[in-house]
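Just so it is clear, A, B, C, D, E and F label the chains in written order, and each chain counts residues from 1 on its own.
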Amino acid sequence: MSIAFEPMRSYIFTDLAKEEYRHKLLKWHMMHVEDSISQFRPYCTQYSFYQALPLPPDSEAFGPARFHLCEHYWLCNTFTEDFKNKAFCEVMPREVLRWQNSIPDDDGEENMTGEAFRATTGKKGGRPFIFLFHPLSWEVDLKGKERTREDGANYRFLFTISWPDGVAEEDGEKWLFEEVFPKFVEMPEVTRLITSHTYQDINNSKYSRVVEMWFDGPEEWHEACVVKAQDIKKPSFAQTDTFPYLTPQFNFASIFIPDIPYSDNYTQYRGFITKR
Amino acid sequence: MSIAFEPMRSYIFTDLAKEEYRHKLLKWHMMHVEDSISQFRPYCTQYSFYQALPLPPDSEAFGPARFHLCEHYWLCNTFTEDFKNKAFCEVMPREVLRWQNSIPDDDGEENMTGEAFRATTGKKGGRPFIFLFHPLSWEVDLKGKERTREDGANYRFLFTISWPDGVAEEDGEKWLFEEVFPKFVEMPEVTRLITSHTYQDINNSKYSRVVEMWFDGPEEWHEACVVKAQDIKKPSFAQTDTFPYLTPQFNFASIFIPDIPYSDNYTQYRGFITKR
Amino acid sequence: MSIAFEPMRSYIFTDLAKEEYRHKLLKWHMMHVEDSISQFRPYCTQYSFYQALPLPPDSEAFGPARFHLCEHYWLCNTFTEDFKNKAFCEVMPREVLRWQNSIPDDDGEENMTGEAFRATTGKKGGRPFIFLFHPLSWEVDLKGKERTREDGANYRFLFTISWPDGVAEEDGEKWLFEEVFPKFVEMPEVTRLITSHTYQDINNSKYSRVVEMWFDGPEEWHEACVVKAQDIKKPSFAQTDTFPYLTPQFNFASIFIPDIPYSDNYTQYRGFITKR
Amino acid sequence: MSIAFEPMRSYIFTDLAKEEYRHKLLKWHMMHVEDSISQFRPYCTQYSFYQALPLPPDSEAFGPARFHLCEHYWLCNTFTEDFKNKAFCEVMPREVLRWQNSIPDDDGEENMTGEAFRATTGKKGGRPFIFLFHPLSWEVDLKGKERTREDGANYRFLFTISWPDGVAEEDGEKWLFEEVFPKFVEMPEVTRLITSHTYQDINNSKYSRVVEMWFDGPEEWHEACVVKAQDIKKPSFAQTDTFPYLTPQFNFASIFIPDIPYSDNYTQYRGFITKR
Amino acid sequence: MSIAFEPMRSYIFTDLAKEEYRHKLLKWHMMHVEDSISQFRPYCTQYSFYQALPLPPDSEAFGPARFHLCEHYWLCNTFTEDFKNKAFCEVMPREVLRWQNSIPDDDGEENMTGEAFRATTGKKGGRPFIFLFHPLSWEVDLKGKERTREDGANYRFLFTISWPDGVAEEDGEKWLFEEVFPKFVEMPEVTRLITSHTYQDINNSKYSRVVEMWFDGPEEWHEACVVKAQDIKKPSFAQTDTFPYLTPQFNFASIFIPDIPYSDNYTQYRGFITKR
Amino acid sequence: MSIAFEPMRSYIFTDLAKEEYRHKLLKWHMMHVEDSISQFRPYCTQYSFYQALPLPPDSEAFGPARFHLCEHYWLCNTFTEDFKNKAFCEVMPREVLRWQNSIPDDDGEENMTGEAFRATTGKKGGRPFIFLFHPLSWEVDLKGKERTREDGANYRFLFTISWPDGVAEEDGEKWLFEEVFPKFVEMPEVTRLITSHTYQDINNSKYSRVVEMWFDGPEEWHEACVVKAQDIKKPSFAQTDTFPYLTPQFNFASIFIPDIPYSDNYTQYRGFITKR
């Protein structure tokens, strides 16, 4: 009995390869909820899906995910020996990997387990599988701490960063905290800015930081992140010519979400009951 | 005690004026659910929201709604004297009408009641408020009656028609049933085709028919409704040059939805509980 | 198969003989919910309990109930032959009748059925059992129809009237509609005034009208119903010297309630799960 | 809009061909719940499954079902033209018919619709599909009307009768009401006896009556229905030598159930969430 | 990742300044539930509201709260750096502080945060904000351990003590355990007596002990705590002349509650759905 | 504050003395759920009942329980001083012990507490009370790790072992892992084999191991565990002549269950609402 109490939150950014698959991926997730809850309910305290809002203009450079954000809250680290055996193997059809843009449409046919999938993604041209563990609460509050739920609906821009190979995390963070964040804090379009480091050790993630910036809507996001961000100085390790200067999807990945989940799976899930 | 038992279904097609408002309109609907349930639960047996899937290419001619479909099932006609008094007046801020594209952004400032709103929409350049009452079950089943829930996720194209002024309903329907539907029935892209007339008397609706066509996805929809539909003969009363030959939003209005609601409000609604 | 569709609402005003019984009566109702739901769920669409707010000063003359209001919405009249047999007889211990102030504390010992209880109450000095059936929606809206759920919490004064023996209902109503209601409509303390007649035939009720008046709080109620109501003219059939001029509990009965139930039994009931 | 308000209850007696299938049939029903609720929620007000208790000794002559009782409450007759089209065809794999003992194990392979299934059952040696519509409440209360939910757990013997070909219903009922029921009413083992006629017209059912008898347990059932029932006089139309003198499953069918469902599907169903 | 597993319970005693505010405070709490659940669900396992029963005669000396008891169960101490940042600032209008009797009605106008509120209360003549953390289970069981949920409804008197300035906790507890509790244990009116120390360090609380005594009702409470308690010896540090000899609200605070919450917020909360 | 985080699972195998008691024991558990949830919800994260499937032929030698499996997931060890006091004593009528086969029918009359019951069972000829604590996830996965929820319904054979007095656990386990499990792994009838040791210290349990083997159904179980198991070598410490060579109920106890619980008590429990 050596499981440590390590409460934390995790995010999965789920992409969508094309619109042809959106309703299919939605249906699949409904079945997947049952698979997931069956497994982790005793040690996962919250499990929600937030719809990815439509991409605003000029957002491709930010590597935005197009399907949804999956959020979990855990009581402990489940990537250990204590959790290595599961009563049921997770169902993960290969086509779901295509729908999620993890493997290309012309990839081979055989199915694989959820575990094998996670090891594969990002290898063959698909988007990397982004699964981030981080603190229960936000570590750093840079702007907007007085904002309440009554101050209007928030357009949330959630992003994560994997510094390019060869760049020390401290160098990346220096640029982020001394050049990037101060600029955003000054912009009136940014109503909230909160951030945490990630627990990379949990699942050997390459992504070291998660950030949430709130706006009144996509027009304000565009003004801040596309127009005004031109004033943000390019770092020495830039991979592209415009902000955020990092390779989309691989080094800078994001998602646009509203305040409220479309399914808080523990309290709202009721199976796949359809329209007549 | 003279309320008649008239079980029926209704649809409201809710549009979105621009993406700037999507998350705001979502938040507003959460508050509205409480207002609605408080009023109609004793005689409304089901109440769900289906997200509008992103518009496929070339769909503007079909007058698609961009926010959601609101579905109710009623036990009786509530547009009568028996229901004229409500304990609470429905909250309906003017900005919501703008978000829903019912009135233009530069319209006046004062708020109005839900009832007044419904009388106003469609008048000043905004999209008409589309609220359709129709039979509990589909009246006519033209294709796909053997389809089960296990046959894959469905991309549903739901539309309604208001025949142009001066066109007799029977003439419009003749074209629809003898020219339009037979063409669609033959197309392999169409997996299901079901339709009902509407109960126009209930709320003096101009829309006389509701149709649901299912596809595997938006690509199949495009192939059928844009490409192959070019073969559908133009009716004498055509208002436009391409199928569906009717003024979008006003004479032909539609929405693209998945099989499952994002909120079955009676069983899944839990207030406005947000992401931390 | 001759059950008519007669959707309606009903109210039961439940009193409390003394504070010694409040927590007992609360516990008993939890068990009773199971008994009730087991019986009527197929044809009762809503079932809620609203706590009786503490009595304001000088309210005894209004015959206020001190425990709760039980509200049901029915699809049909259940006081007919079609419903005469129940799988289970309702549990109704005699002490509950005492707790509810329906029979005096020194009454005999034997238990009785719920049906027998209803026939007995009000006979031996206890408060009559008040069970009112009335229209689904309020019939007459005299003031405040523009009030929304956002206009603040409401202090609701709900009352019912049984005209004294020998007084024609039309004479009583004439006084009510021509003398009483106009006075209240003019008072700024009254924010809402709605009323319906009752369906006395359903259960041979003596009470012919139900009224709801809303206030900002008990101070406003007192100013309106005790102080200003002194200006309301005494009717020829007065039974007492002050407004409402009718015998409390027997000819004028009331309850003070908030907007929201403490238990919406269909959606919130979960058995008797206690504090540890 | 001509759907009549005809509130009623229905029972389906679901058998099990052998124990090899019990857990399979259970899993299948979970999927079926989604199919069913998707279709009928707007007009079906309650939907529950009661487990069939293990068969007591000597009960084979009573044609007992071994899986479960499915109970619905309807607002209207759904076997009409108004309900003939369904958005989804019900999933009904042929193996489920075998599991339910409706067709023999060596029957052909192709699947069929739920509708086709109902037309087929009972034809090829399998147990007939028993689907009974009857009044909302019990019509006749012969014994035990004072019994409450606090009087102990009840062992309920629910049965239905289809009089043999050539026997007039009134002759069958004469024997039942004048010979059979009086005998049971006298036995102390019988704690409750309630019965209704069925609405045979709804679905052309051959079964004309439904009866519920309660006991303290299977030992009391055996004493009453096997031992003491030997005193019940054999009718002229007897098909067998012992009570109930009717061909099991075909002319006399039954099920043993507890008071409480194992799944009240509207309030308790949450999909197929499994043991880890 | 240094959050320690420290499961504990907490109580908040919420007072009511006057009856004019009861329904307002009730409505406000409904909105507050959403704010709270949004924040703490991942690490708070239970969250309930128990109504304050009406004050019995002569109870003012016990500093009773008049609105409700808010109970939480936590997995960890949330008064640490790990929880210092919240996505949303808690909504806490100044008028709510007045309704709760934390600040006087004539206090200034500006709103403040929940955090600021807690620092302010008790300063300007209002009742102190009482928020007590204590063990998951009761530490000391002095009477009634054999009592079950079937032994009747309990009238629970819950109180907390803050020893006067200059009095050592051990001196106060000596009086409590050697003089007070033994007297209550002997009284037949007391059916249960359980107590725990509080975790004062968590939130710098001045209150060091929490006690629950159960009675059959308020009459028994009065007999025990007012009449018979006259025999309890006055301690040297007495602040008043009668039991409990401590300054009400500040040094001795209490609440009277039933066994069952009026809202178990995780399982029963459904938003603010009102009476029609 | 010294409660350690020790997440674990527990099983209780509940037997049934005879069929006469099945519906009674079911009803009793419904009341017991309220008692249990009231106590342990703050630290128990999951609580479910799985029905015991009917016993297959020749299973008596395996000591199978006939009522249900009760499963809990705990966050900590509750058999410590920290949990010694409970607000309510658990209700445990003596007749329930008889129904569960823990004491014989002719045992004395007085009731006892749940705690006392657990100390008594197994003493007087009844079946021992089996309450097993073990790791959150299965420790050893011997066969079938690729099995998913879509591979069909599983017939689960869950068993536990208490090695005979004088047999060292390592000797028993050597036989189990080197002789028994390898034989089962080879059999095609066995689709899954997973096992964990138990935490005997928690509650001084005599049972040291828990095993789950899955089959397609009882016929496959019989072929494997009765027919083919004849090839399993008898250990030196055998207590009987046939596999499993251990005294049923006392040294080898088991239960047959399906994949899904009949009541997931936290999400599905709604009190004792009955059939009408």
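Keep this in mind: contacts are C-beta pairs under 8 Å (C-beta built on N, C-alpha and C of every residue); 3 or more make two chains touch, one makes a residue touch a chain.
Because the structure is predicted, anything quoted here is derived from the model rather than measured.
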(Q) Give me the superposition rotation angle from chain D to chain F, based on Cα atoms, as a multiple of 5 degrees. (A) 180
Q: From the options C-F, E-F or D-F, choose the one that repeats interface B-D, i.e. more than half of its residue-numbered contact pairs are shared.
A: E-F
**Q.** Distance from chain D to chain A - Cα centre to Cα centre, in angstrom
**A.** 51
Q: Could you give the separation in Å between the centres of chain C and chain E, each centre being the mean of its C-alpha atoms?
A: 33
Q.
Give the residues of chain E touching no fewer than two other chains, as numbers and ranges.
A. 5, 34, 38, 41-42, 75, 86-88, 137, 149, 270, 272-276
(Q) Tell me the shape of the graph of touching chains, choosing from line, ring, star, complete and other. (A) other
Q. Which of the chains touch, listed as pairs?
A. A-B, A-D, A-E, A-F, B-C, B-D, B-E, C-D, C-E, C-F, D-F, E-F
Q.
For a test of understanding, state which residues of chain D touch chain B in their complex under the given definition.
A. 1, 3-5, 34-35, 38, 41-43, 75-76, 82-91, 113
(Q) Going by the contact rule set out above, which residues of chain E touch chain F in the complex? (A) 5-9, 45-46, 73, 75, 135-141, 145-150, 192, 194, 199, 212
Q) chain E touches which residues of chain C in the complex? A) 19-24, 26-28, 30, 48, 50-51, 53-54, 56, 71, 137, 149, 152-156, 216-219, 257-264, 267-268, 270, 272-276
Q.
Going by the contact rule set out above, which residues of chain F touch chain C in the complex?
A. 33-34, 37-39, 41-42, 86-88, 269-276
